[in-house]
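Listed after this line are the structures, all set down as structure tokens.
What follows is a pair of complexes built around subunit A, which joins subunit B in one and subunit C in the other.
This part shows the complex of A and B:
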């Protein structure tokens, strides 16, 4: 009995010990600044002045009347839905293709993953170069084959701005979705396919009755993660456009940066950032609740 | 299981002991001498030359001052502001740093940095500096920074493109600017590279034009005066270059810092206002074309003088510095004439020291001559010396001065409406900041 108690102490302490560094880091670099940001959102803090006052919900009330905020909010929703949707579509399609056996599949796999591995700053600069009207590769190509007579202003013209930024984001983000779907596809029991084939199922029936149901959970996770990721997108949009001419592609994340860092209005900018956090918190709660329920069902 | 638990506990304990041992050892080493922490944002035109410069002179200083070590950390101009603020709030500041008035003076006003009048007296007194530069660091009769460099925007132009259009000199007035820009605009080559989006560059060029038109951000009483007729003249001139004269590339709406330099190097614009410091880099950037690139003072506006955004920078000492004396010694060392001359040639700055500003070793560069011509006269934007006025730092950061340009170019507002909107925005910011 004594021996059993000793064994239990060791077993009980070990996981906490291993988890402690990670938990401490999460608290240090995430929870603490997050709480601080939410706190600042309730003050009139500016970056250069140490003194500040508690203003309650003043910043949030002011935001409700700020047309730039509502414009950025709309943009963020549209951006999350369109980019997230395209990521899902492309990621799923590519996963289906790469799940088949063909020569050089490994090479294609690696090449398709590359955009996800490249740092966003590099991707941003690549696309800025691609889209440039003077020395951009894309304009050179289109002019060279006489498809256009004058360069397209990809990051200026209202017709091209959104598609240009979305394409760059999809190029970076879809490999992650693809990886998730590939993992999902490989977890489907091959016996299900064999059994369905034995029952005379065709490829469409296999797809709709075996593949899709088998990927249901992966689909759900991907959809939610994509909405979360795309709603808080910052890096690439910032590097490419900083919100675009006249704020045409200003997202909540870029607006928060404009206010908090460039404008030095820490309190007001924190309120914008906190709203992003509240939205993501709600989405994350939904994610956690539903995935937990799914796990229990299994 | 028990063995596993013990092993885990032992592993964690050893890691903690090892970490603390490392921390203890490293702090012991550091505390063996006087370490002056120096936070510095590089100008970055020729980063390699700049690093070599600092390494050489820090080594020389340390040799002259045994027991003193300069621990220099390089910060980006983009985030030194945020890092300094965070350092001040945490109470763990470096000993000395380097920046410009909009960042330094609010810190001075709040007592976070100490006056350096003693250092300036040791160097020969405030009169050895160009008055309009050193005055930007004065608050309530005390000086908070030892000026070290002054940069401003000049007109960069392509000699070959101007010559092809029949001009041997860059434009000297606004009228000439329009004329030359029109003459050099042909096909895919545009006469003038001008930032048109909500960027630092846009506000800097527009602020210069405001000044050249006789305008300013604040009137003599410190009230917002953005909607003045002079500023409107400047805004109309700025936006007409794109909308009416069509001498600016349409893609300039999305230009970011550095784009104008690349585009003039590629010969796709004939002229563009840019930081004179680029002159130090132009040969490296465009080895085939650099001889075709010239620099001149910005054209004169309706006021009878030109206007350029000016950025004077220098050393300052934090109030909570651990080694202010050693930091001061280093600042004095770096302010020696020979080092100043070398520094200006490397960093692309005009010397704030009167005795050096027009030194022939420096004025042999045309980028330096253009900058020095503007720096020595009083054609600043006229508001940086009010950096301690609450709200001005917000206005700088929020691109309030770029907003009217963007509103006219991209949002279809009239110059009058755009300027009025920016004026109201500025008043709002100043009022809120004043209440703090």
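This part shows the complex of A and C:
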């Protein structure tokens, strides 16, 4: 750095040149559409008529009195907390298991990670088949052991709809959490374990006094990431249920899709979609503020 | 005493192993059931007494799948869209990540944070404006719009992972190249790329996997079979062959197979990338 006191314009502008393509693409495919979505949410735009007018906060005010919106909001919160929670639980558990040394560990690792690369439409197909009312494995199994008398409509029945959809989601989402926790476990200094063992700590004490404190940051990051990812989720819920009969599992994302594309009310649907963005923006800000504060402490 | 201890630990190991096999079995059952259904004859699929493995192994469902002329087109479209978006994400991402790691300049932290937080943008919010923008620019039902929309997640992920890898390159290596007379671009091509090639390929494979099965944009921005990728194609098949689960699971198996192969080949580097990326801070 010392020898670089005399820097030409080229050298000063070089980093911006390297970054320009990325920044242009991000503006084009992320920022610009996002700003437009927020703008649409302030208009009465529809799918069918090209002319539209600015209506200010009209759509948002209407949403406040829309019971479907509040229902979807509640559903989205519950879905994010339950699915995210289960992902964390299973992901952390399996990470602890895979962190041990045993034979064929690599094979188990690969097999357990595989659901992660399955596209949502195929996951949807897999679970639709598994949950099928006449020939699906689950119903045949439950009927076979006489736990039930007639087939369960897993994706329709009010009692089973939520668990069925959540299980399918957890199946594809937990491997990511598992991977993050495995990374976290590997980053804990082995000397800490050695020192604790030398002091006579048992495996429980090692877990509570070395492992858990060492994973503090990983836990925090993953909890927030899971809430963010699960709050905006759309694909699998849409493929499996399209919001469910009578909107029983209608999330904000599926409601926005219903309003904007199927109901052709683009403006109103955009207001719902924008609200998802506002919630995520607040969560992302918390994430950034707390992670950067942690850096300064260190 | 040691004998007992040894036996005890062996017992514990066996219990651990059994538990692990059981859990892994349960977790892979959904996929296994689907794959085995695709190799079953009709009579074994539509029975109230299904077996996990096919009794009579048959390729009938795959033959039926081959008779659908659109299906290979879906796969080809997925290949084109995913390959181009992965290539662009890598090319653009390498330059950006290089600048963010090896340059010191005003605005570095802000740009870095902004690029990374875009990963959290909800696709459902982007899809309506993209749809209208594409229709105004006559880009509906084209490869171009699918490649561009794939970049909305492929690029931030690529940069995020690349930063993790680049931060592990010793600064001295990069310095040495420049002292030897390389300019910045030459440094990227002659020093960074050769050192990082396996990792960069792994990131390319990962973004390819995501692009291959992308659902929401592909569903809303394609209108005809000519440009449908695997996901909307599969969606159409699930509508047209609603209950033919032999055919559908065969299609699903074919769609997933290349991804599993790619993932298995590059798993080590992909996992390594996620690991180092998860350590670095925003």
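Miscellaneous remarks
Definition applied: the second predicted complex is superposed on the first by the 283 of 298 C-alpha atoms of A that agree within 3 Å, B and C clash if a C-alpha of one lies under 4 Å from a C-alpha of the other, contacts with A are read in each partner's own complex, and residues count from 1 in each chain.
Quick note on the criterion: a contact is a pair of C-beta atoms (placed from the backbone, for glycine too) under 8 Å apart; a residue touches a chain by one contact, two chains touch by 3 or more.
Source: prediction; values computed, not measured.
Per the definitions stated earlier, placing subunit B and subunit C onto a shared subunit A by superposition produces a clash between them. After overlaying the two complexes on the shared chain, residue contacts for A:207 are found with neither subunit B nor subunit C. By the touch criterion defined above, A:108 reaches subunit C but does not reach subunit B. In the superposed model, A:256 makes contact with subunit C only, not with subunit B. In the overlay built on the shared chain, the residue A:265 is in contact with subunit B alone; subunit C does not reach it.
Touching more residues of subunit A than its counterpart among subunit B and subunit C is C. In the superposition on chain A, contact of A:18 is made with both subunit B and subunit C. Shared-chain residue A:179: touches subunit C; no touch with subunit B.
When the shared chain is aligned, no partner comes close enough to touch A:54: not subunit B, not subunit C.
In the superposed model, A:89 makes contact with neither subunit B nor subunit C. In the superposed model, A:134 makes contact with both subunit B and subunit C.
Common to the subunit B and subunit C contact sets on subunit A are residues 14, 18, 128, 132, 134-135, 261. Partner subunit A is touched in their complex by these residues of subunit B: 1-6, 8-9, 12, 81-82, 85, 88-89, 103, 106-107, 110, 112, 188, 196-199, 249-251, 253-254, 256, 262-263, 266, 268, 390, 393-394, 397-399, 406-407, 409-411, 432-433, 435-436.
By the touch rule above, subunit A contacts subunit C in their complex via residues 1, 12, 14-16, 18-19, 21-23, 25-26, 28-34, 36-37, 40, 94, 97, 100, 102, 108-115, 117-122, 124-130, 132, 134-135, 137, 140, 143-144, 171, 179-180, 182-184, 186-187, 218, 221, 228, 232, 234-235, 239, 253, 256-257, 260-261, 266, 269-270, 273-274, 276-277, 280, 283-284, 287-288, 291-292, 294-295. Residues of subunit A that touch subunit B in their complex: 3, 6-7, 9-11, 13-14, 17-18, 20, 44, 46-53, 128, 132-135, 151, 153, 155-156, 241-248, 258-259, 261-265.
By the touch criterion stated above, subunit C contacts subunit A in their complex at residues 13, 16-17, 20, 23-24, 27-31, 33-34, 37, 45-50, 52, 88, 91-93, 95-96, 98-100, 103-105, 108, 111, 113-115, 117-118, 120-126, 128-130, 132-133, 148-149, 151-152, 155-156, 159, 184, 209, 212-216, 220, 230-231, 234-235, 238, 245, 248-249, 252, 255-256, 259-260, 263-264, 267, 271, 274-275, 278-279, 281-282.
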